[in-house]
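Several structures are given next for inspection.
In what follows, chain A forms one complex with chain B and a second complex with chain C.
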Partner chain A sequence: MSDLNQRMIEKYRNDFLKEVEANVEEGEWVKMCMQCGVCSGSCPLGKHWAHPPQEIFMMIRAGEREEVLTSDSMWMCTSCYNCIVRCPRELPITHIMHGLATYSKKLGLVPKGQPTATFAEIFWNNMMKKGRVNELKLGLSLYFKDGFGQGIKNAMANQKLGMAMMKAKRMSPAELFGGHGIKDVGGLQKMIKKAQELEDARMKKFD
Partner chain B sequence: MSDEKKFAAYICTGCGIGDRLDASQLENVATREGRMNVVKQHEMLCSKEGVQMIQDDIDNDGVNHIVIAACSKRAKVEAFAFPESKVAVTRANLREGVIWARPDTDEARETTQEMAEDYIRMACGEIKQMNPPQPSGQQERNPNILVVGGGITGMTAALEAAAAGYTVHLVEKEGQLGGHAAKLHKRVPFKAAPIGTPNSPDANLPMPEDTGVAEMIAAVESNDNIKVHLNSRITKTSGAPGRFSVDISTESGDTVTENIGSIIQATGFTPWDPSGLTNLHYADCPDVITQLELEELANAAGDGPIKRPSDGKEVKAVLFVQDVGQNSDKEDELPYDSGVGDLVSIKQALYFKHHNGDDCDTTICYDNLRTPGAPGEDFYRSGQKNGVIFTKADVTEVVPGDTLTVKMHDKILDEDAEVHVDLVVLDVGMVPNSGPDPYAATESLEGLSDEEREAELEAQAEEAADETSVSVESILNLTYRQGTDLPQLKWGFTDSHFICFPYETRRTGIYAAGPVRRPMDIRQAQDDAAGAAMKAIQEIELAAQGRANHPRTGDLSFPTFRREGCTQCKRCTVECPFGAIDEDEERYPQYNESRCRRCGTCMGACPVRVISFENYSVNTVGAQIKECSIPEEWDEKPRILVLACENDAYPALDQAAIAGQEISPWARVIPVRCLGSVSLSWVTDALNNGYDGIIMMGCKRGEDYQCHFVRGSAMANERMAKVGDTLESLNLEPERVVVHEVAITDIERAPALIKEMEETIEKIGLSPFKF
Partner chain C sequence: MAKYTYSYYPGCSSQKGASSSNLMKSVQTMCEELDVELNEIPDWNCCSASIGYASGSELPRITLSARNIALSEQHNSGQTIVATCAACWLATREAAERLEHDPQLKAEADQALAEAGLKLENKTPIKHMAEVLVEEIGFDNIKAGVKKPLEGIKIAGYVGCQTNRPFGIHGESFENPVYLDHMIEAVGAESIPDYEKKVQCCGGALAFSEPEKSQEMIKGIIEAAYDNGADMIATPCPLCQANVEIYQDQINEKYNTKFNMPVVYYSQLISVAYGRSAEDAALDGQIIPAKKLEEIAKK
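The block that comes next holds the complex of A and B.
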């Protein structure tokens, strides 16, 4: 566990709700949940979640910090926004799920090998290089994330699709060598760096 | 005007009656068979001209007994009331009862006309037995209202009645006004957040507010129309609405007697005692308290934090247990939910947030969170916004100690949990402060076999002899034959129907309001009190004119009995659902006009048929049964007598006709005030006259009864159980007489029940009693 995690535990003792309110995007809404369960019932992936949103909110209020933050439930959210549309108390549930995921990553509590989390990281790194996503490289990184052998297997399985895309000029093998970038990659990277600094400074308060 | 009876029949040809029926033939029937002195047709009888025509005959020709052959008695009631004239009026239902209930075909024309002619004959027969109703002469106008109970409900009722110009005697058993509400720190807010208030966690939401009780007490004490009697009880109530005589006695024994027009009982509630729940340690742990006890702690706190009772330590964590001993099927617990405890706990949790600071942990353990009333949902959100934690959990145990451990099962997460707190607050239910139920003994006997009945009586006698059993003290001390207090509906609540007749008890002119009627909070109690005050005022004014109040509002007729025929069997005095009839010194029934609801249950009870109303009697219905034509056997036209309750079954049949449902051409429907008024002699006479089937349609009886007269339908059913003997003695099939429960919404079922009887008759054949 990271230092930050330890510091947060000490700061908030057993008041996990307060911790969420202060550190999770839209976390101040959690206390307004009235436990009707419409979000859980509306979630198209709900049955694959260990803890659907209603339950997550209840766990936060019950102070079940570790169970929530190490859960992979909020990583299952596909941002379909069904829950937000239907919540009678108008909680921004989708945002809270992403907020919880971000917070859990910040604290280093994401379950190892969580596929959504892994993909998000690959996507981010890919995009940061050229300022836009290199689809060929993104695809390949994803294929080979579980090792070389598995990567070849994945590639062979999708061979037909890949050939068709190349034929239709939807994907170019030339992208493998460098590929397109945006006009001012350096500028973007500077911007992101600054944002990171601001966020780090914010978290520094908890030292 | 002379006392001579002059009969007139008016036949309306409007609404298609003239097209579908041969009106001149109807006129013939009214003149020759009905022997009416005047018979007239009008193309629209309910029009100004039509009504004027009748009024002219009343004024100029001395017509005083009127048959209106037009629409149903439920239509155009005001047009045909003639309130300024002393006349008897009956209606022959040609529209809903005949033309709308029958198809407009050549084949149906003959039977439709016969139906109409029968209704004319029946109405002409009935009117001859009727007299114009007039008041008994017992009535007085007495503008004094007695309010029993000086809590929020009682004070509100007193202020409302006083504001309307009536004099109020407010009786309170304690030494000060205000009841439980006077002990509250704050009250649940009355108003919801303004429309458009967002759902956000920083919205401006309602908070607990001042109770306003002190201002209310001051308003009561300074009101010239209100006389407050503190430390007092009602030691005797005799008489009837408009002329009650009430003894109000103080603790020291001084008694004043007041003349009272009507009474409001607002005796409130007592919190249920949770001592029996040993797992919660209410009895032996001072830091486990009830909501009402917390109010005292909050008042004692002043501007500082709320401290717990055991050691005066500032409360840092508090837990509320909702619905303690409520919604329970266990003996000695409450089978109902008081409904307002969740609002109270939210309010009290906010006390802690205010007095003890934001970091005071407040948890509310609920099963079903209910926040009734307009501000309810906003107040719930207000609690959430301010950090009150709501946990859906079953609290299984409180472990006393320096810190109390509360064990629970979280029902959302389906796991056991423990919370450590300084104070536990229990939401216990409201127990109504009712007097002894006059019918507790008799109604527990219903539906039992003779043996069971005996066993139950024995058990009751034993309980009465058992010195440890608590006897409830009377509140009103009524001198009524049927008991000292208001009858109870369920679970000890003083009411007669939770939905249909608010404030109406089973004692006319005595209204219940507030938590003695059903559990409620301050806001609801104030609404209730205003409603009951309106009823009390209405009763004073109607009693002054000798008119009925609920549900036959305005009715002038009332029952009288023929003394020389009475056998003093007491059935009327026992069976009256409203305790209206006492017994005089010679043990004859003594009617009290203004206590009476005019249902006629006494009339149906009387075995010697000596009880009657001016315009409704054994003879008025008997004449209708007799005057209806009974075709010869070879005509193959059966006759089905339908005795339909005028409150539900009769309008259901009207509504069926309006909706285009066909009603059997053999049916002849007679509206009755209540199935309870049906005399067994009508059934016997009808069978002897050659009717082939008899259907009685009354309201739902039993626990979820819908009878407007509470017990009428049940009484009728009990009496009709004995009709089998009559059928047997006449050697008739038992299927010929049936009793059905019909609701006002049964517009398809009601005609179907008649059709069913038609098929039964087809199967078993026509009655052999035709001649």
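The block that comes next holds the complex of A and C.
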């Protein structure tokens, strides 16, 4: 459990809805849910959610803090936006799910080894290095996320696909050495550092 | 001077040697034919797509897109931004709207942008290339330039998620958009307006992190195309294209299917129909060759 998590528990004791409204992207919309269930029925990966969005909204209001924030449900969101366009109350459900996932990560509550959480972090770090995604390194980091042995196995299993992509010039070994990037990497990194500081400061106000 | 001029945001996957470099190549060919000038946004960066959110929470993520808009305003002043990637378009437009409606967020993004010496006006319209084709150029004009109609090819128009939701093309239904079918007809091919999976999710970025769950959905997308007698699938989205094309071997192995369904871009259809070569249409970028298109391109 992180310190931030402990501080938030103390601050919002018994009022998880308020905590979500204050700290989760688009969280102020949660109370608008009328429990119709269209979101849950519209989700392409719906059957894989331990708690589909409709349930998550009710659990937030019922104060089921730990159950929500440690759930891997939100990580099932594929960002297809089906729930958003179908919600009769026009809640930005996709963004709330992203927001809950992000908040859970900030508090150190993501289930260990959750594959999409792992991939999301690999993606962000990959992109931040040079300002653009290096697809080859992204793929390799994903193969090797569970150690070297498993990495080799994964790479072998996908060897045929990799060769086909290279033949089609849609994957380039040159990406291993340098690869694409922006010129002003320094400026971009300073900019994002500042954005992160400003956002963290917003949350610190609730200390 | 070109008839249409835009500020172009190609996105990471469209770069040379990247997974949708065939999209970029065929878009360039298509735009030459349609007299559309694309001015790349100098030094554009990644939008963090639909997966960056977990590490890049709201403000950092929106600031990434704000930088691209600011660069476009500085270097391609007065030009509408056009993106060819669904995620690039969505992230950029979403950022612009959020910044417009939330003054606190805008003030903070401005502070962050200042660190990179940039200033955002946030007055630039942001469009998807499909909007340019449908709304600016129009089906009649596309049809008028066809030199080699794609006769005898039946194509399942697969719109996917993010080109269609939450913004989509003005006036189109989220459940059953028909513009891609009209585009397929405009180039002389046969469309499948009732294709059941035209807005089905392919798993998006979760095709990497949750391959089994995603491939189950991809299987449905391909199966429905076969059921409707399609010769190939056409899509506007780079991730849809890759996900639906490249895992067919793995799906065949797992489900004992015999899928071998080509998946192409609308820009490849238009390039071939306008008489350009297989190479100009980036047909050499297929993992599963689109033989019927190659034959027409060779004629």
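Heads up, the rule we're going with is that the second predicted complex is superposed on the first by the 207 of 207 C-alpha atoms of A that agree within 3 Å, B and C clash if a C-alpha of one lies under 4 Å from a C-alpha of the other, contacts with A are read in each partner's own complex, and residues count from 1 in each chain.
In this section, contacts are C-beta pairs under 8 Å (C-beta built on N, C-alpha and C of every residue); 3 or more make two chains touch, one makes a residue touch a chain.
Please read these numbers as outputs of a predicted model, since none were measured by experiment.
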item	value
Room on chain A for both chain B and chain C (clash or fit)	fit
Angle at chain A between chain B and chain C, C-alpha centres, nearest 10 degrees	80
Which superposed partner A:R89 touches (first chain B, second chain C, both, neither)	first
Which superposed partner A:N125 touches (first chain B, second chain C, both, neither)	second
Which of chain B and chain C A:F144 touches, first, second, both or neither	neither
If touched residues of chain A are counted for chain B and for chain C, the larger one	C
Chain B versus chain C as contact partner of A:W29, first or second or both or neither	first
Chain C versus chain B - closest C-alpha approach in the superposed model, Å	14
Partner chain C, residues of chain A touching it in the complex	25, 44-45, 48, 76, 78-82, 84-86, 94, 98-99, 101-102, 105-106, 115-121, 123-125, 127, 131-133, 135, 139, 142, 160-161, 164-165, 168-172, 174-175, 180, 182-184, 187-188, 190-196, 198-199
Partner chain B, residues of chain A touching it in the complex	17, 28-29, 31-32, 34-35, 54-55, 58-59, 61-62, 64, 89-90
Complex contacts: residues of chain C adjacent to chain A	12-13, 15-22, 43-46, 48-60, 63-64, 67, 108-109, 111-113, 115-118, 161-162, 165-166, 174, 200-201, 203-206, 208-210, 213-214, 217, 242, 246-247, 249-250, 284-287
Chain A-touching residues of chain B, taken from the complex the two chains share	198-202, 369, 380-381, 384-385, 387, 389-392, 410, 412-413, 417
